[in-house]
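This is the structure I want to talk about, given as structure tokens.
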Amino acid sequence: MLLTTATWQEVEQRIKSGKTGIIIPIGSHEQHGPTGLIGTDALCPQLIAYEAEKNNDLLIGPTFAVGQAQHHMGFAGSMALRPSTMIATIVDWTNSLVKHGFTHIYWLNGHGGNCATINAAFSETYYPYSFKNEKAPFAHKMMNWWELPNITKLCFEMFPTGHGSHGTASEVALTYWGYPEREVLNQMVLDPKIAPEGPIRDAVDYRNRFADGRISSDPTQASVEKGAKIAEVAVASLVEDFAKFLET
Amino acid sequence: MLLTTATWQEVEQRIKSGKTGIIIPIGSHEQHGPTGLIGTDALCPQLIAYEAEKNNDLLIGPTFAVGQAQHHMGFAGSMALRPSTMIATIVDWTNSLVKHGFTHIYWLNGHGGNCATINAAFSETYYPYSFKNEKAPFAHKMMNWWELPNITKLCFEMFPTGHGSHGTASEVALTYWGYPEREVLNQMVLDPKIAPEGPIRDAVDYRNRFADGRISSDPTQASVEKGAKIAEVAVASLVEDFAKFLET
Amino acid sequence: MLLTTATWQEVEQRIKSGKTGIIIPIGSHEQHGPTGLIGTDALCPQLIAYEAEKNNDLLIGPTFAVGQAQHHMGFAGSMALRPSTMIATIVDWTNSLVKHGFTHIYWLNGHGGNCATINAAFSETYYPYSFKNEKAPFAHKMMNWWELPNITKLCFEMFPTGHGSHGTASEVALTYWGYPEREVLNQMVLDPKIAPEGPIRDAVDYRNRFADGRISSDPTQASVEKGAKIAEVAVASLVEDFAKFLET
Amino acid sequence: MLLTTATWQEVEQRIKSGKTGIIIPIGSHEQHGPTGLIGTDALCPQLIAYEAEKNNDLLIGPTFAVGQAQHHMGFAGSMALRPSTMIATIVDWTNSLVKHGFTHIYWLNGHGGNCATINAAFSETYYPYSFKNEKAPFAHKMMNWWELPNITKLCFEMFPTGHGSHGTASEVALTYWGYPEREVLNQMVLDPKIAPEGPIRDAVDYRNRFADGRISSDPTQASVEKGAKIAEVAVASLVEDFAKFLET
Amino acid sequence: MLLTTATWQEVEQRIKSGKTGIIIPIGSHEQHGPTGLIGTDALCPQLIAYEAEKNNDLLIGPTFAVGQAQHHMGFAGSMALRPSTMIATIVDWTNSLVKHGFTHIYWLNGHGGNCATINAAFSETYYPYSFKNEKAPFAHKMMNWWELPNITKLCFEMFPTGHGSHGTASEVALTYWGYPEREVLNQMVLDPKIAPEGPIRDAVDYRNRFADGRISSDPTQASVEKGAKIAEVAVASLVEDFAKFLET
Amino acid sequence: MLLTTATWQEVEQRIKSGKTGIIIPIGSHEQHGPTGLIGTDALCPQLIAYEAEKNNDLLIGPTFAVGQAQHHMGFAGSMALRPSTMIATIVDWTNSLVKHGFTHIYWLNGHGGNCATINAAFSETYYPYSFKNEKAPFAHKMMNWWELPNITKLCFEMFPTGHGSHGTASEVALTYWGYPEREVLNQMVLDPKIAPEGPIRDAVDYRNRFADGRISSDPTQASVEKGAKIAEVAVASLVEDFAKFLET
């Protein structure tokens, strides 16, 4: 069930039947190099979650589309929330879901730059309960899709060199699988073939270090076919990992 | 062009060629009565904008999916931002777009409850320029999709009674057009057939007044076919209205 | 009774006797063209409310004097709150009144630029109740004084042309009635006689479009006498509209 | 000149002529014992400032009517801003005035409970300049009206016992002078005649300590006549003190 | 007992035995003239409190090390919180202590520039209780160490001229007592010997008025020996004043 | 050089000579099990940094003593900032240091629960530069002291079992080295000897899972001697790691 296309009565019935977990795809809109889509980090968790929902009894919430990406602002189309804004928003999303009785909120994350802020936001949501001496009626879990069981191994088998850490071969492959008309981007010649590495700071510094936006990746290795394979494994891992979370 | 599936170089090129307007679908996730989808208010502007983009040279940004809907919190699945959070978020989205040179930001809105907060947010974004005595390098426009030229007239012709003001026949029709598998919901028998009217306050008061969530509507009149017709007119009106905005 | 000149025991007695409604004049301090007073938007609702209190059993709160007016900052003397500040302030005023048992808070507004922020603030005040699943013990109503029953009709009869939308003939007339020594301002020659129209954005843009501050008005038509007539009708309408509000 | 009843052109002319100081009456709406008015702390500085303006070339801004008064919330009609809200508001008022070229902002304060927050707000307004290494183009001064030169001495001569520190004989006298129809309140018999002393904490604690709201005062000594005398001295002192401030 | 070096079980036992008061040293890191240490205002209350704890049954919390010092930002090494940040922090510290059952929080302050913000923060912490009509389960007291009983007298006996108000002879002496290796700084020749006086505004203005950072002081009079004497008196006064506070 | 005991002229001279890096110890005050000190996480980085400063040309700032520890609030003496407060504070500390010309800010962290919030705060400080298209004039680095080169290896050699993840044997050892009078705590008999593992959520959940506060550790293995060894290695690693940071 997708929250977006469900009715409130369907959601209410689901909760009453004891299915009180929900998966929220969370990502970013930011440059992903010359061959990657701006929405990559929102699309990857959304594609995986929606695919998983097709054959499993899951509830998927709306996608949190814009995240913490200040360092990408040197590249056109990138969007960024201040971390303080993002925390306030995650607090509001959480309180909304908890109001209806959701007990397990699983954030399937697509953007490394979000991790710190998401975890800080979790603490912000627990904070009032901890001060009232009440057990919070919910638990959060954040999972980066690329850290789902078996995914890292698969990616490094598939892309022994140039998988990278931004504009990665695997995330670009996933989006080609979702949007096959964009696979043609992998015909571009990138220079250098594998992008450099370095620390992440502000946007000017970032662009100085990473001229076309990629970090340590050669995403021209991406293809629809490889994306499909990654999706298949990710779906299985998500279903299993989410089930475990519900038991804690 | 959809920002989500574009690359940063494509967006940069577009901006450099002088196309500095963007359309942001903005809506809500909240109950829409027994026959309406929770995502209705996000889906309607998104469906119209994406359809418009197919045959017109437009850039559509990511959808702002969760809005100001505290009054719907009595119904499962509804989500709500505090107005202050929503303002902070719109400020960040605006500053992100302006950073890249966008000059005209057109918010195609799907939720009446958002209007006040969106307009307050516009003032918040203009505020620093007004105090620095600098002309803001951008202009906002908010347009409720149901107030696009010709739409109101069409809706009242299509639904002479029971169009309503929440869970409206027209918005439900639009979503059936987008998600035809959900059209079957219009077989439900609603009681009363046309929902009551009244003021909007907090969530408990809302549920007391509007037992199944609808306000003054009979959305069982909605159908895929009617939704298609509305979409057709809305697309034409959007294209025209956006073009006018670019000239101001 | 004016809250300002009442004692706490008088207010307590009033509340205990079941009179739990209050009227708050809310406005702005901002330019109103060459013939209008900076405090016009605060003075109009205050003048009407204070006049109404003379012969009716009403409680009038302090005037909320400075509002959302960033677009007027290009003209000397204008003052403006950030929308986020204004929301926080209205939240505090509301919580203060609700603490004492007020159930109906009627905001008589004098400034169009305040509307969005006031309505956003209302949602902010209802928000915590909606999330606690408690009925809010109060209701808000915002009424623009110029939209009180019979006022629009009266103004257009009085000023068939050049009533305008900022620095209007009617609001200027009201303030002359309150401060007759200022009526002489209506002797100024304005050029153009009727000011232009246009959208409202930041302060530099505003001043570029509206050179002397007015929008679409010819306020030299204002006089003490016309102001008195407007006040008379507004008082009657306010009393009636407030009484209706108390019954909802 | 009162900002409220001036036009923007009059204010602009005044600033251009080099008169860049302004007086802002700032107070509170809160209980002042059985014989004092809720608006006392806003009225006292406003009455003094308006009186001073009659015979002196001063500019008086709008009155900041509601302040930091959480400790009075146990008494009906009291209103209070959170200190953080009050700081944000004073920041916005300051920035507005500074935008137009005001260089000296003199806050004539009527409420002891405001002092800390006003001073904190001053630091908040200077803060950005200090970090940019720019001299702030303005200076603040806060003056409690009862600490104006000669006032303390006068009060203790007039009220050798029972002047008090809240609901004081002198502030009540000033408001009777402004609103003579309320002088009759001084006929009430208060018990104890002189109210007790003690520390100020939260509202429940306050009401436990100070049963009728007064602290260490016997305000039945107040009269219109005494208020007139206080006003006369305060006006002279204000004019002198403000003139000195303009020279720093 | 120092909270920093205690275990949670030791603190719990102490609270259970009814010892529910705590002393928090609070100060600043900011320039203190050529002979004073940047940490002076944090060190003074910390030194006094730690010394007092040696022979008395007290609990001392962690030192609040950075405060409201925007006006010192023109001198290297100075650090400053925005007043709004400092209020939020004091709120969090307070709520933390109150959660464990502390009823009396005594802030031993070392920096005059903190006073307004600390007092504003106190109101912010009481505010929610005042609006819930609950007695706050705690009380705050702020005490500037130099206003402890007998200290002012002692300082003026010790330093009949040039005690000053920033970079004072007494605070510098106290820090020399704590860090005797720094006493040698009192060999510097300062010009002028006694620093000037004036108002405190932004940082550029401050540096213009007070070229080496001091205000009205000659801190070359400071010595380890004088610091020891001040500490001795301050310790006795603190113990007595804190005991009195616990009884209110 | 310690910022706390330096004068502003010494700091200025240091910066002018090109030494523009600073180390800030950052930690927490929170329970560390029955044998660990509440200040452990603040003390460990402070002890290491101060020790390093003795024989190396370093500048150490004040210790950031209270952090993100909401999950420990079930144990007496624990203190916690909301993540949003902590972000605001780190922003202010950063801006203060940057104002004086510091270019490299190295946060030596002692508390795992701080990591997310510190990293979110870094993004918040870079954010305005990224939107102005200016290179930030500074860089942040956060280093958990236990992740300094060679420390992890050392700890696992020293404590092959029961090193743990909260109230760890190594951090307790470090504090005993700093405060040898507390070593006696290691005589306590803990039950179970090695504490359990589990996820971290709110405070009630935490206490349910971890009855005496420890996670997966047996800190009775800690001793002054082992702490001295850890300190020795940590100091060397810190000096080296900080030097590398200055070159990036």
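By written order: A, B, C, D, E and F. Residues from 1 in each chain.
One rule holds in what follows: a contact is a pair of C-beta atoms (placed from the backbone, for glycine too) under 8 Å apart; a residue touches a chain by one contact, two chains touch by 3 or more.
Just so you know, these numbers come straight off a predicted model, no measurement behind them.
A.B. asks: Of all chains present, which has the mean Cα position farthest from that of chain D?
C.D. replies: Chain centre farthest from chain D's centre: A.
A.B. asks: Over half shared or under half: which fits the residue numbers at the contact of copies chain A and chain B, same or different?
C.D. replies: Since more than half of the residue numbers are used by both chains, the interface counts as same.
A.B. asks: Could you tell me the distance, in whole angstrom, between the mean C-alpha positions of chain B and chain F?
C.D. replies: 47
A.B. asks: Please tell me the distance, in whole Å, between the geometric centres of chain C and chain F computed from their C-alpha atoms.
C.D. replies: Each chain's C-alpha centroid was found; their separation is 54 Å.
A.B. asks: If you average the CA atoms of chain B and of chain C, how many Å lie between those two points?
C.D. replies: Their C-alpha centroids are separated by 30 Å.
A.B. asks: Pull out every residue in chain C that's touching 2 or more other chains.
C.D. replies: Only 73, 80, 82, 84, 88, 96, 99, 131, 133 qualify.
A.B. asks: Quick check: in the complex, which residue numbers of chain E touch chain F?
C.D. replies: Against chain F, chain E makes touches at 2-9, 11-12, 15, 29, 31-39, 42-43, 61-63, 65-66, 73, 75-82, 84-85, 88-89, 91-93, 96-97, 99-101, 175, 179, 182, 185, 213.
A.B. asks: Going by the contact rule set out above, which residues of chain D touch chain E in the complex?
C.D. replies: 68, 70-71, 73-74, 80, 82-84, 87-88, 113, 115-121, 123-124, 126-127, 129-131, 133-136, 139-140, 199, 201-205, 208, 248
A.B. asks: Which residues of chain A touch chain E in the complex?
C.D. replies: Within the complex, chain A contacts chain E at residues 131, 133.
A.B. asks: Where on chain E is chain A touching in the complex?
C.D. replies: So the residues of chain E touching chain A come out as 95-96, 99.
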